[in-house]
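Take a look at these structures.
What follows is a pair of complexes built around chain A, which joins chain B in one and chain C in the other.
Let's turn to the complex of A and B:
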């Protein structure tokens, strides 16, 4: 127990350690194989079957062909694409600005701010979904009441397709901006101060320094946050479920919600599995594209 | 950016500092509104909540709301379920992830890269892909509705393993070698030499795992059956689906779920944020 205690002198370095590394990683590998790898393979097998009244029939690629002309899947994809194209870039821009601000020596009380902006991340998705659904209530919500004070007519936050998407984006931004800012901030702190000095000597203003020093320095962290946000967006489930239930009129239906419905509401496991595979493929492709675009160019 | 104006124009610097600080303070206040309102909402009856203007200050219905929660959702039991599940999960998953992280960080062995890469696949592959087969697996084991069905599938959490490998890589090799010279077996070496200096990383991992399980929604929703076994998120979501939703009670329950976690996080955040970052930004 006490490191200072001399151990028996007879003990020589033992060569018993051959198996040791494997024993350390074994529990993780076993559990991972049973609960992740095996289900991933099984999911593919299920996706080739059709479940009717509890019995499975092999249908080959039928479920995959069904994907192609399923209007609801395209709705879900479009909804996801909108979040990817609008919410993710806006949030990451906001997170970058926040990280630069949090890194500035001009800011007083930095630890308080860092913590405060990170706090939403700790709140469970269900919890904040419920709070937002009440805050955004059309007739009695705090947000519309505040807007009413400045003369804005009540906004149908959760009952109109477009506004429901905006509400979902607001909730996501509230939840994840601080988290992304903290990741970016950590990277920002590794950017050498000399680079800023050099930029200043070259007569660069704050904006030029941001463009030529800060942004290139942030590149790896921006890649990480982009990839994480993309994966998260493609898997979106909790927020739309609690906030809007996928509605109104499927305006916030995501692939995750649709997959869940197919599997656990309609018991159409084969089709749900095909959806899951399509989703995986999509994540893989987008990840690849992002690595190409944002990745190391050296 | 940070030193260009250190010497000159202190007045201007102070002005900018005030501007930046107050600007961020306003932004932070906006971020805090949902938290504030959550606590306020928890203390009002549903009828008071849905009035215009909405209540802005705490009311007197917290106890009543909690009593309603207890009646409609066995909330005391639900909180205990969440505490129990999250604790057991943290302990078990923490052990699995720490062992694996140590193995990958400190040993060189055949297949190390491939095996680690395999585990990291779990970070990228969407969780949804395993939902259906895992559900069937649980049904086959007759585990549906049990706590182990909630806990078991995520024990080898790739992010946790990643986090621990990152932290364990910082262990000085000399420390381990000198332990071996002194005749320490590999098991002892891990327990007595490697683990003690890893306490901050273990704290970060524990907070992360606890929060992850405490807030998890989809999987418990799928496998839990009986109201008496529900976790907090599942119970809250089930209440929200009712025809006559008692939002005062739901917000009280949400506060119970969110506020203690926020407080724990505030107290331990030093470890959490630095531990997370050690894992997140690896270059």
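Let's turn to the complex of A and C:
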């Protein structure tokens, strides 16, 4: 058939039919525009204002300039970067190991283990934060009591800067490892068993099979969990708020906590909005870098 | 923060107002029968709306927290005998959750706010300054007639410009010094004879050596904003604060350095226990008897009685020692207030409730009996309940001790709209002093410079 020949009218999609997809996405689009897009845009407008004696005053880029000169923001960024550089890789390594173990046919009662590791994810953020703060209390906490039984002196889990960061990382790892493991496990189950058979035939041991079959197979899921964990870490709010209140001496202050404080404690919505935009930019840039580094080159 | 961190009209709303909070949130997401009739005229201009509603009818909601909310609820049967057509719902929002909720409501132009709002002195100036019209002007509703009814200085707090009445005072808390008399006795120290904090530190060393207990406790890592309560009390005992009356920053004043140095001296001598975790840790320490002194204001007496009833007779209370010999031992360290939302459709009815609760001695006496909440209404103190010996506090007339403090001259305190920022910097500075041994003058100088930078205010020094 000559490709240049127009299709018969009956074979062409009808005009009315073309509108259907748009009609279906319209409600979601409307809701997104009203409750997300418009406020996000308005937030940018707010970021250019400052409340002076109850009046919104246009200050241009002043709020953004304040960001560069704000030592607490740099503290928050440093704290966030520490979690990102230390906790996230450790958690993802643990999640990968967990996913491989949960995928192993050698493990009996796999559904029970999968459920067990995923359960922390469904626990309320505030609830588990409170539980951790009680467990880790220096004087009255269960953890120090147990350590005391084996002769270890009380650890200032939440009252010393370094230990507070470690406590925060422990809480985050407990909460999110199972979630990441489930994502990795789902991907792992799509890796063809034939690849492992072929590797075995080629004389590959367990480590070589992991390196040359499992890891490449997990690559898209690893990228996803890395990006999600990065976004989650940059927006970290609940855990430091409940566990340490951002302290001691701002050791666990995160950008999310600082942003919230500026908006709702100091009622400085202009600066909080500027912080939110800076945070969004940061998340976008880091996400881009991660896609470039870990993404599929093809 | 301070007091506020415990216990427990068809206003046309501008597009800008409604969306303002939405925008911020979205971006955050990315990341006596004497008052047989209420004196409201029904023509109040609260919130600039010009609508006050019917003073005898309506449905109103009240936001408060824990203990005070319970006491306001208990007033309702009496209130409804006088105002049968005003239906009141008291909601316990919780503290500190209530502050974020009010801030959000005010930022949204009053959308979703209750009619009556219980507000601490630490938040009131910020709400008034940042959200003009967010709170109703109670003057035209009849508040001004009660101007002289409250403890000294409190009218200036609710009516700083002498015109607009932003709220009516409820609680007036004086600095207190609750102590375990039995422990002091065991250590051979006469607690009543301690005149200064320097003397108290020396007594604390003896107390620690003889009984093993700390002198007092502080939330060293500042888990909660009220970690600086003790420091702030020492500051107020010197007639100083974080800002002067012109709103200039005074975080590094000689008085502040003196107060922080006292805190450091106590800590370095091992007299300060760590109450990391805030309120829960404080309650635990109270039950375990780890501290001999609880330097908290008037309202804390009710908490002590509630938490350790078995220790009746072991406790005593006095006003705190002076910071400098011969200096003041009385200071009104905080207060709370009831305000009416500018967005309320029933401002007159809401005012009736506020007036009934706060200006009628019978209401305040009832609340005092229920939760030990000290009234700002001076006439309430005529009641015998404030002059009775307390079995718990070793037969002392606790009410009279604090009444004397309320009657003492108390300098005006300017909280300003930047109190929350100042408090944050102070708690950070205190943590550095307590946990890292930092120099008080240095951390306070840095805190003052940072507050000036963040707020654009002038430094007093």
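Keep in mind that, in the parts below, the second predicted complex is superposed on the first by the 278 of 298 C-alpha atoms of A that agree within 3 Å, B and C clash if a C-alpha of one lies under 4 Å from a C-alpha of the other, contacts with A are read in each partner's own complex, and residues count from 1 in each chain.
Throughout what follows, a residue touches a chain if its C-beta (ideal position, glycine included) is under 8 Å from a C-beta of that chain, and two chains touch if they have at least 3 such contacts.
Everything numeric here is computed off the predicted structure, so don't read it as measured data.
**Q** Could you tell me if A:158 is touching chain B, chain C, both of them or neither one (first, second, both, neither)?
**A** second
**Q** A:38 in the overlay: touching chain B, chain C, both, or neither? Say first, second, both or neither.
**A** both
**Q** Could you say whether A:187 touches chain B, chain C, both of them, or neither, answering first, second, both or neither?
**A** first
**Q** Based on the superposed arrangement, let me know which partner A:178 touches: chain B (first), chain C (second), both, or neither?
**A** first
**Q** Should A:264 be classified as contacting the first partner (chain B), the second (chain C), both, or neither?
**A** So A:264 meets both chain B and chain C here.
**Q** Which partner does A:277 contact after superposing on A: first (chain B), second (chain C), both, neither?
**A** both
**Q** Looking at the overlay, what does A:247 touch: chain B (first), chain C (second), both, or neither?
**A** second
**Q** Taking the superposition as given, does A:140 touch the first partner, chain B, the second, chain C, both, or neither?
**A** Touch partners of A:140: chain B and chain C.
**Q** More residues of chain A are touched by which chain, chain B or chain C?
**A** B
**Q** Just checking: does A:234 make contact with chain B only, chain C only, both, or neither of them? Give me first, second, both or neither.
**A** In the superposed model, A:234 contacts both chain B and chain C.
**Q** Which residues would you name on chain A as touching chain B in one complex and chain C in the other?
**A** Shared contact residues on chain A (touching chain B in one complex, chain C in the other): 35-36, 38-40, 42-43, 46, 133, 137, 139-140, 234-235, 255-256, 259-260, 263-264, 269, 272-273, 275-277, 279-280, 283.
**Q** Which of the residues in chain A come into contact with chain C in the complex?
**A** 35-36, 38-43, 45-47, 51, 53-54, 56, 69-71, 133, 137-140, 158-160, 164, 234-235, 244-245, 247-250, 255-256, 259-261, 263-267, 269, 272-273, 275-277, 279-280, 283
**Q** Flag every residue of chain A that touches chain B in the complex, lowest number first.
**A** Residue list for chain A touching chain B: 1, 3, 6-8, 10-14, 16-17, 20-25, 27-32, 35-40, 42-43, 46, 98, 101-109, 113-120, 122-128, 130-135, 137, 139-142, 145, 174, 178, 182-183, 186-187, 190, 193, 196-197, 200, 206, 209-210, 214, 220-221, 224, 231, 234-235, 237-238, 241-242, 255-256, 259-260, 263-264, 269, 272-273, 275-277, 279-280, 283-284, 287.
**Q** Could you pull out which chain B residues touch chain A in their complex?
**A** Those residues of chain B that touch chain A are 1-4, 13, 16-17, 20-21, 23-24, 27-28, 31-35, 37-38, 41, 49-54, 56, 95-97, 99-100, 102-104, 107, 109, 112, 115, 118-119, 122, 124-137, 152-156, 158, 161, 180-187, 190, 192-193, 211, 214-215, 217-218, 222, 232-233, 236-237, 240, 247, 250-251, 254, 257-258, 261-262, 265-266, 269, 273, 276-277, 280-281, 283.
**Q** If you look only at chain C, which of its residues touch chain A in the complex?
**A** 16, 19-28, 30-31, 99-100, 103-104, 106-107, 126, 129-133, 220-224, 274, 276-277, 281, 284, 417-418, 420-421, 424, 427-428, 431-432, 435-436, 450, 453-454
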